[in-house]
Amino acid sequence: MTPAGLQTTMYALILSLAAGTPLMMVILCCTPLRVRVLRLLPLATVPALLIALTAPCDVVVEVGWFFMGGRMGLDETGRIFLLLSGFVWLLAGFGSRSLLKDDNDQVRFHMFFLTAMAGNFGLILAKGMLGYYLFFAMMSFAAYGLVVHKGSEEAIRAGRRYLLLVMIGEVALFTALIILVHTSGSTVLEDFAGVSYGPLILILLFVGFGVKIGALPLHGWMMPAYQTTPIPAAAALAGSMVNAGILGWLRFLPLGQISCPKGAVLFIVAGGLAAVYGVVAGLNSKQAGAVLGGSSISQMGLITVIFGMGLFDQNAGLHATPVLIIYVVHHSLAKSSLFFGYDLVERQGKILSQLQLAAILLPALALAGLPFTSGAIAKTAFKELAVNLGDPWYGLSAFFLPVTAIGTTILMLHFMAVIRYSRGSDKPGRTVSRIIFALSCVAVAVPLWLWPGANNFASHSVAGIKLLQGVWPVAGGCLLFFIWRRISFTTKVEANDQKRKIGFDTIMDTVTSLLQEKEHQKPQQDRLVIFISRLVPHLRKAEKIMGRWKVVGLSYIAMCLILLFLLL
Amino acid sequence: MITTLLYSLTGLILFGMGFFTLIIHSHPLRKILAVNVMGTGVFLILVATAYIPLGQGEIDPVPHAMVLTGIVVSVSVTALALILACRVQETSNITLLKGTKQSEDIKETGA
Amino acid sequence: MNSGQLLLIAILLSSFIPGIIIFCLPEEKHRLRTRLNLCGSILKIALILVMNAGIYYGHVYEIRIPLIPGVELLLNGDPLSALFATLSSVLWLLTTIYAVGYLEGSPNRSHFFGYFSLCVTVTIGIALAGNLVTFLLFYEMLTLTTYPLVIHRGTEKSLRAGRNYLIYAFSGGAVFLVAVVWLQAVVGPVDFSAAGFSPSYLDSHGPVLTIIFVLLIIGVGVKAALVPLHGWLPQAMVAPAPVSALLHAVAVVKAGAFGIIRIVLDVYGAQNLLLLGVLPLLAAVATVTIFYGSIRALQQDDLKRRLAYSTISQVSYIALGMSMVDQPLAVIGGLIHLVHQGLMKITLFFCAGNLAETLGIHRISEMSGVARRMPLTMAAFSIGALGMIGIPPTVGFVSKWYLGLGGLAGGNWWLLLVLVVSSLLNAWYFLPILTSAWFGKQKGEWPEEMYIGRYETSLMLLVPPLVTAFIVLAAGLVANAQISPLAWVRFIVRGYGL
Amino acid sequence: MIFHVDSASWIIAPVILPLIAGLLCFLFNRKIFIIALAAALANFLVVCFLIWQLLNFGPMRSYIGGWQPPLGITLRTDGPALLMLLMTAITGLGVTLYARGYFSHRISDPVRAFRHQRQQRYFWPLWMLLLTGLNGLFLSGDIFNLYVTLELIGISAASLAALSGKPASQRASFRYLLISLLGSLTYLLGIVFLYRTCGVLDLTLLRNLAGNESGMGAALALLSVGLLLKTALVPLHFWLPPAHANALAPVSVILSALVVKASFYLLFRFWFELFAPIVTMPALNFMGTLGAIAILWGAIQAMRQHRLKLMVAYSTVSQLGYLFVAFPLSRITEGAEVWSIVIFMALTHACAKSAMFMAAGSVYLHLGHDRIKDLGGVRASLPVTVFAYGIAGVSLMGLPPSGAFIAKWMLLSSSFASSQWWWVLVIMTGSLLAMIYVFRVMSQFFVIPEGDVLDTPEPLSPLLEWPALILALISLFLGLFAPWPLHILSQGSTGLALIFPGALP
Amino acid sequence: MSTEKKIKGQTRNRHRRFDAYQLLFLCLVFCLIALLGTILCTIPENFPGLADTVASLQEQSGVESPVTAVLLNFRGYDTLLEVMVLLLAVIGVWSLTKAPVSNLKTDISPVQMGVVRLLTPVLCLVAAYLVWQGSHLAGGAFQGGAILGAAGVLLLVSELDWLRAVPAFVLRIGLILGPLVFVGTALCCLFFTGELLAYPKGTAGWLILLIETVCALSIGLTLALLFGGGRPEDDVPD
């Protein structure tokens, strides 16, 4: 092997460690070593983090034998996503390890957990289309195990929704990929630049990845799933796995290399609607997880809008990419922090202390875009992107952003209200939870300020008028929230939830039951047997008649005559 | 030639009569007799075949030999058939010598 | 007789002789029987691998035995037969191990294993058949050797299933025979290696050749369980699990599908079929079968019945691939599914058998929470099921991928729809099983639980599904490697110059 | 010194050997099995030798008494004759062994020992003389001599059929005897017509003389009807099932496998050689139609039977139909080989059917009955027999690689070649029906009886099980070795064009 | 009452139908016979036959009667088989049943006994004569055998139960003697001349006479035993 080859192999090996480590741990979980392995659970993220931090960029290695042509590598976008995911998974790993310490099914849960983790890391590092798809599917299906882990009826139902949508997404994605490969003739992601994206592919890709981010018609799984998933895992789901959808769009619709105005409209409209809808849906729920889910739908809607903006043309794409990434990082960190906060509530047997409350408020308001938070930076970046795009979009965003900010604020306050006085049962790992929460809060506060790409936007966001622009929606949101609380504190939220559940599930149940074959049908007597048994008496009779001498005589004569006739 | 034909036709008619009886009458003994009549008919034709009017040449001995063989065969079969009929009569209700109707047809066995 | 011919004969004898010896062995000598079986199957695999290598490097393996003019037995090792032979022999080994565990202590085992060996011999014969007559010979013998296995339990139900199986299979065989004879009357003997008869016949006998093609497809379609010729398959699931595995994955259904491949690729050839214009018909039948099988599968509560209908649906992918015989990618998809479907379905049936044998579970509604009791079995089952749906990295995805690509390349956009809907249906009938098994709560006692050793079930039952599940994953993961089923299929397709 | 290997005198051996054996068997009281076995074995060897002789020196003729035709009687060997001889020899050997096992088993049962001893005592001479008749018939080249052999066969067969002493079997045998006699007389009448027209009895001479005279036509019609009665072609089959089913097992084997073939062989000779010039296509079609009806009717009747032996007997009725379906297919230019395949078919059927009847007989001995619905558990106790039954069934159904498959193949291909597709339908339907009745029984073998295990643990003697299996295997693998019998068939069969050039390896 | 009527009606119906069938059948038989008769009439007259052939070879046959020449020389093989047919009939009959035991031991009329005593030797003599005569006139083994058989029958009906008196083995020897000698001669011929039944030159007449004599004995015995209606007691232990 040449040194270059050796190097490539080494690189490939190192990269595959990111997904490989969790997978190895999954396999070890099948062995009696499982207890020891589970103790090391958070360490599964370490290779990924190390790679994200240290591996050289823009090296692509081909692993020809792997799954119909494997390609992997790390680029800048990937590095950020990997870092982010690694961090979130690390925290989630600590959290779930301590949370589920006494759970009977912890091995099962953690196998799914690790598999989802592996999928998440793997898809970030994948540079081939099929590789991406592979890890994406791995992650999606493994996440099902996290969603339904509790095994309650609610969880199962949520899982069913999740699974249905995942399947739809998978299938859409499969179709999209096939068409892409057919048109481009290659499975290499970079080769899609020259492909003309027809409406079908766009829709398929939107559906395929949109499921993951809860884009509007495909959002159904998100709120129930966030509610039923064990919270650390939900944090990973909301903070990392959801991003896979965004990354998928980025990979398959390479912003900056394509222009696709029709797609842009699709994405922007869908995103905009989701941004509003998420808020409304979140406010409709009284369950903290579901509220966060609503928020995710909303925030992901905003991201979808950003992505849509980038789709207009190459130039817009170039501008949109960093904004998109900033927003993703911001949302992931904030959302996972909120989940960890929620986790804290659930684990301690008493209501939150003031300090804790304040700490939770930080990511909450960051989501709303309060100045001096990562939210502000993200919003600023958004706005500047809109400016770059030109008029109709700028106007729209000038109107739209504050509205969503107000909505998010209300939603976050609603969230705070939901968790403020709730007290969890005394679950293990309070200390761990606190540490995690602290770490995540620090993460929300710190990284975006320090990150080179965001510097610009950060300084812009604190500049004069921007500050004001950032504050008023939050303030307005607070106001509106309190008014809303006064008016309808006791709206029939639960009933509402119930109704929606019934609507969806009854359809599923009816269809399934319609298809179910009737139990214990009478064992079908064979038609052949019946037929023969009816015929038998006649046959016996006929044979008997043929055996009579008279008939024999007749046949004898007949045969003589016929043969004579025929032969003469 | 006429003689030959006359005998031959008589033989044929015997054959037909025998056959008719064989089929119509159900009694074993009659059947055996009927078959014998049929045989006689055939032998008659055969012998008639050998007939050559006097002075027109040698008599063909081959049909004679054939008839002889046929008769022997017929005797053997008749003997066997009679014994069989007796056995059948012994083991079932069919009467060998009296009555003809009730033994309408020999029952199909098995089935 | 050269070494190649000896090899072919040795391949056939390596299971035939153990089979015959097993028949003669007394019932109690299960040790010896097991050893014979295992030695035979391992030897067979080794021999087939040798043959594969030979085929790859261009050796010719051929035995001709003329019977009457125009009718000769021809055994011929070509890449396609190597594919099927390898699949069958490998799965046979696993099924044998499984069957040894499964039938522990049940009566008439020597008969069972005897027929089992004969069955595999015949299947290999089908793989190696070099013309339609030989194919027919083994095809009919397959029915005969599997029949005792189907009715092995000797119950009323299994007898009825067996009878139906026979009626279907022999009717199919009869139609096939008629078609073969007719074809021979029209175009003369066609060897598979010739890759199709001369197109000049099409001008004079076009309609007749179309009818013959339909008859041929009906003939093999019975075993391949194409709708509406599938009726026997769901009933045949009353047989013991290893037999189901054999029927669905190793031998019978596969033989039918293989027959379709042979007819399309080797008897008619792509060119002739395109000219005749019968391929849409095949595609339509395959599509209907795919949907019908899936929908019927959805309706079943009996696990093995559901699997049976799933087979009906899945095997038609092969026919679907063959219906686009002008597209190399689609042909690859069809051919590779032959292998992949076998691997996945055998895993599923092994697992179903484990459930039935260990816990007495036959119905899906009884499976709730069973993964807690039998995690490894259910893990294997899950892999198989996900493969069926076509989730990467399982092999099922690879098949669908190539089929889809092939369809697009031929401009058949509807094919994508078929794949998509069928995947969704597959998911619909498999995923609920998985979810209830893994996450459902156990409802009451298991129907009839047996205590079997320290593992979740006896080791002989556990290992085969794990191995096949592993292969399902691994063969997908290394699909692009130098040595993989896919690579071999590509080699085959290259041979056809597509 | 006169019996050189190329001497035609050897032809007489297959007739004389069993004849002497029959006489001796009748004379002596003890050890007659040895005599019979020696004769059967010697017969087999001689037939093999004759075949070898045929292949090396061509067809042979032996003029009995040194008198040439037209006066003397000729014995001749050619392909079809020797193949039929071979069939008889193989089956005969099998039956001889099987009968030994059968009677030993029966006699070991103390209750009925005497009766079975008596049956055995007469079985052997009758069987040997029947063999004489069969061999004589196949070899004979004289139409009147054929009559005598037919009688020899008829009388011995009827006596054998009545041997079991059951009333049913005697009734059936009586009817069989009458029908056989009727057939013989019709045949004799035919001879009369023939002799009147041609004045000779030698087949070769007759063939040369055969022209379009009405006498010939009438002769053929009468000869055919007489033989059809003996062959039991539907609608004249009624005597066959009871006679075959109620006889002792070895006798059933002989009757089903050999006796009906004898008269069929003559039909074959007459229609394709002797009278080939005057045979008309409508007549062939008529025979074919009767054959088709026989196939279906026999199979349907077989399907409804409740007793194994009756089922097998009806299957004979059905299988005989195939032989006749080949008639109309013989007259096409491309498929001239079909007529010879008929003999081949008869050969495979003889092996298969004898195996099947042997299996049925063993099952009867084992269980004490042969009710199809109570056959459960036999598989465990009589594996070899069940196996033999299965293989024989496969052969009857015409599945590859049985000889019947090759035959079916040729029938089908010639019906396609001559565009007479309706025969295809009949043939295929027939084999499907055969499948149903064969497997109806087969599946019962596989039933595992509940509770009470059979209380007859003693295994049957190998003589009862193995001949069946070996015969079944022969019929199964005959297809694979088809070139050899077909090559033999093609030797010196005069009549139609020679067949299969270059088919041999 | 009504049922009785019904039954009567039915029987009458059946009777009528039976008649119709008879009529139809009669017609058919008539048609067949008529047809065959017509054909028979149309067969050309110049019937060749084998008479001339036989006549031309008569010299070599060793006998003067053409029928005997045909029976025992030209077509001796037929006759051999025919003898076997007769033997078969006996075996068949023996296999079926035991000879019936007559119950009329007591009153045999002296007249009958006298006739038997008188006739039996005469019959034997006639039989011997017929056999002897067979070589030049009508007559021969069968005719002689028939007469012998008649003698046997006569003895049997006179309750001279020789069937029981003679050991079965002897009867069997008697039965197969004719066929055995016939076959033996045929085989000797085969050995000396190379063809079955081809009598060596000059011995034909003597050999034929030998065969005829022995056969006549066997045939006579056969026919008598057929009349006897079953196997003798001691043929097999029963």
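First chain written, first letter: the chains are A, B, C, D and E, and each begins at residue 1.
As a convention for this text, a residue touches a chain if its C-beta (ideal position, glycine included) is under 8 Å from a C-beta of that chain, and two chains touch if they have at least 3 such contacts.
Predicted, not measured: the structure shown is a model, and the values here were computed from it.
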Mutual neighbours - chains that touch chain B and chain D alike: A, E
More contacts between chains, D-E or C-D: D-E
Relative to chain C, chain with the most remote C-alpha centre: E
Remotest chain, chain D as reference, centres from CA atoms: A
Innermost chain, taking as reference the mean of every protein Cα atom displayed: C
Centre-to-centre distance between chain B and chain A (centres being mean Cα positions), rounded to whole Å: 100
Between chain E and chain C, distance of the C-alpha-averaged centres to the nearest whole Å: 70
Distance from the mean Cα position of chain D to that of chain A, given in whole angstrom: 77
Between chain A and chain E, centroid-to-centroid distance (C-alpha), Å: 105
Where chain E touches two or more other chains, by residue: 25, 29, 32, 36, 39-40, 47, 49-50, 54, 70, 75, 78, 82, 85, 88-89, 92, 96
For chain B, residues contacting two or more additional chains: 15, 19, 22-24, 45, 49, 62, 69, 73, 76-77, 80, 84, 87, 108, 111
Sites on chain C at which at least two other chains make contact: 163, 167
All pairs of touching chains, each written as two labels joined by a dash: A-B, A-C, A-D, A-E, B-D, B-E, C-D, D-E
In the complex, chain D residues that touch chain C: 337, 376, 379-380, 383, 387, 390, 394, 397, 399-401, 405-406, 408-410, 412-413, 416-417, 424, 428, 431-432, 435-436, 439-440, 442-444, 446-448, 479-480, 482-483, 486, 500, 502-505
Touch list for chain D against partner chain B, complex: 71, 144, 147-148, 151, 154-155, 158-159, 162, 167-175, 177-178, 181-182, 184-185, 188-189, 191-192, 195-196, 201, 241-242, 245-246, 305-307, 309-310
Residue numbers on chain A that touch chain C, as the complex places them: 30, 64-70, 105, 108, 130, 133-134, 137-138, 141, 144-145, 148-149, 151, 155-156, 159-160, 163, 167-168, 170-172, 174-175, 178-179, 181-182, 512, 515-517, 519, 526, 528
In the complex with chain E, residue positions of chain B that touch it: 1, 5, 8-9, 12-13, 15-16, 19-20, 23-24, 45, 49-50, 52, 57-62, 64-65, 68-69, 71-73, 75-77, 79-80, 83-84, 86-87
Touching residues on chain C, where the partner in the complex is chain A: 160, 163-164, 167, 295, 298-301, 371-372, 375-376, 379, 386, 389-393, 398, 400-401, 404-405, 408-409, 416, 419-420, 423-424, 427, 431, 435, 438-441, 476-482, 484, 486
